[in-house]
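Consider the two complexes below, in which subunit A is the common component and subunit B and subunit C are the respective partners.
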Partner chain A sequence: MRIETLLQIIMIIIALTIILDKDNLRLVIFSSAFSLIAASLYYMNKSPDVALAEAAIGSAIIPLIFIIAIEKQKQFIVVNHLNDEFLDRDTGKGYKVLEEFAKHYGLKLSVYKNDDGQIQGAFRERNIDLIVEKSPQDNRKYLFIGKKASILMNKLEQMTKDIEDIKIIKVEESERYD
Partner chain B sequence: MNIDILLSFFVVLISLFGLVVSRNIIKSIICFNMLQASAVLLFLNFVHSKEAVIPILSSIDSNKNIVDPLPQALMITAIVIGAAITALALMFSIKIFHYYGTLDWDELIKREG
Partner chain C sequence: MRISLILVCISRLLYPFILLFGFYIILNGDKSPGGGFQGGVILATAFFITYFIDPKKIINLKLLVKIEKYLFALILIVACISYFTNGEFFTNFIPVDSPIENKRIFLILLNFFIGLKVTTGLIAVFSAFIEEGR
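Our next item is the complex of A and B:
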């Protein structure tokens, strides 16, 4: 059997594995292997310049940007407008709720403290997923403000419906909440 | 019919199938990448011949043909453009995830109506 045919068959097997697999990071590794085999096949087809470009770009740079993109996508950014310890790390009650939620959906929770206020309506510009602040009417209630279109807000609402002092508010992307 | 051309055409078809059936956006982008790499492979299989040698100046023998270097130059351009398109598509997928909270095609179509 010629080595080109063997490599083509391995390429077909990797392509079928990519279609059947479900884990994102494993898919990236498989696509890197696919590119490496494609590069060696380019060399055997007498075009070493294309093989060089494919080995550098296809099997190194593209997996790198995939991994960076998956990490960025997993972040769940929360902005904290409170003055008390409700969202304190590891001790606050709200932090525990959010941590459980993030763990359940495989997200990476990051809470930012913001004392300036007034960044509502800035969801689109700053990639913020959730804003936590105190209710103006009822001093004991906490408001969780998020995007209306996001399916994660529906899930968070279901998760926190038994907890009394948390209220979920869903706003449109461009709309201001006052 | 050359078996190499047949097999690389089969890889193109598998990638196209994956692009159509996958529900995850990340997987769609990876299948798009695969489609591009295998299309380049198919094209190079078309242009190369067994007797020809690599078009590097020191290896050229006067009584041997060389492979046409023009399609190879075009293929390098295609690979670089493919990398740029991948980066753009991934940026869109991050934006979609932060807006809709999901990367499932079916869910997204249901939400958009």
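Our next item is the complex of A and C:
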């Protein structure tokens, strides 16, 4: 059997694995291997130029960007507008609720105090998952403000249904709410 | 992100060699496989490796984008020099009857600037991506 045929068969198997697999991290490694085999096939078909570009982009840059994207996806960013100890790390009651929520869904919870310089992206404003405020009317209630489109907000609403002094408010994506 | 010590060591070892390979591909682009784009991508990969060495490194993005713009202008200027020597845009500025070693200069210059532009562009994209979630 020629080696090109063998590589093509392996490539088809890897492509099917990428489609059927569910684990994100393993999938990235498989796509990197796919690109490497594609690069060697390009070289065998007499186009070393394309092979160089494919090897550099497909098997180095794209997996790296995907891995960082997966890592960033695991963060749950909360902005704290309160002055009392509701969201304190050890004693706060709200922090315990959020920590339990983050632990349940495998997220990494990071609470920021109201500091604008700390939480800005490179080109646009930072993508914030949740804002915690005190209710203007009722002094004992705390408002959890988040995006309407996010599935996590629905889950959080179900989780905090029984707790009296937490109220969930969902706003549209385009609205400015901070 | 938690980064293991072995990865950091290997990255430090590989970094200069990847830089060398990138410049080799750019500067030999006119007579062997590769060229500005491929070499530029490899140079950008060499930069990405430094992200493993020092994840907290911060890049001045505005400066990077500005350098990229100037490099684009430089590529156009190099391509337009031929108007003053040959009377035609976007051709080799060295006369046609000169030996081939002299004619290479045009290709090497263009490849070099294209490679640097690709590098800065990819680094800008990547840095914006990293900065986003910090």
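As a working rule, the second predicted complex is superposed on the first by the 159 of 178 C-alpha atoms of A that agree within 3 Å, B and C clash if a C-alpha of one lies under 4 Å from a C-alpha of the other, contacts with A are read in each partner's own complex, and residues count from 1 in each chain.
Keep this in mind: a residue touches a chain if its C-beta (ideal position, glycine included) is under 8 Å from a C-beta of that chain, and two chains touch if they have at least 3 such contacts.
All values reported here derive from a predicted model rather than from experimental measurement.
K.L.:
Subunit B versus subunit C on the shared subunit A, clash or fit?
P.N.:
Once both complexes are aligned on subunit A, subunit B and subunit C fit side by side.
K.L.:
Consider the C-alpha centres of subunit B and subunit C from the C-alpha centre of subunit A, and write down the angle between them to the nearest 10 degrees.
P.N.:
The C-alpha centres give an angle of about 50 degrees at subunit A.
K.L.:
Touching A:147 in the superposition: subunit B (first), subunit C (second), both, neither?
P.N.:
Only subunit B; A:147 stays clear of subunit C.
K.L.:
A:53 in the overlay: touching subunit B, subunit C, both, or neither? Say first, second, both or neither.
P.N.:
both
K.L.:
In the overlay, work out which of subunit B or subunit C sits against more residues of subunit A.
P.N.:
Touching more residues of subunit A than the other partner does is B.
K.L.:
Output check: A:72 vs subunit B and subunit C. Expected answer is one of first, second, both, neither. What do you get?
P.N.:
Both partners.
K.L.:
For A:64, decide between first (touching subunit B), second (touching subunit C), both and neither.
P.N.:
second
K.L.:
Rounded to a whole Å, what is the shortest Cα gap between subunit B and subunit C in the overlaid structures?
P.N.:
In this superposition, no C-alpha atom of subunit B lies closer than 6 Å to one of subunit C.
K.L.:
Could you give the residue numbers on subunit A that contact subunit B in one complex and subunit C in the other?
P.N.:
Residues common to the subunit A contacts of subunit C and of subunit B are 48-49, 53, 57, 61, 65, 69, 72, 127, listed in rising order.
K.L.:
Which bits of subunit A are touching subunit C when the two form their complex?
P.N.:
Result: residues 48-49, 51-53, 56-57, 60-61, 64-65, 68-69, 71-72, 75, 121-123, 127 of subunit A touch subunit C.
K.L.:
For a test of understanding, state which residues of subunit C touch subunit A in their complex under the given definition.
P.N.:
1, 25, 33-35, 37-38, 41-42, 44-45, 48, 61, 122, 126-133
K.L.:
Under the touch definition given earlier, write down the residues of subunit A that touch subunit B in their complex.
P.N.:
4-5, 8-9, 11-12, 15-16, 18-19, 22, 24, 27-28, 31, 34-35, 38, 41-42, 45-50, 53-54, 57-58, 61-62, 65-66, 69-70, 72-73, 127, 129, 147, 149-153, 155, 173
K.L.:
Note which residues of subunit B are touching subunit A in the complex, please.
P.N.:
3-4, 7-8, 10-11, 14-15, 17-18, 21-22, 24, 26-27, 29-31, 33-34, 37-38, 40-41, 44-45, 48, 52-54, 56, 67, 72-73, 75-76, 79-80, 82-83, 86-87, 90-91, 93-94, 97-103, 107, 111
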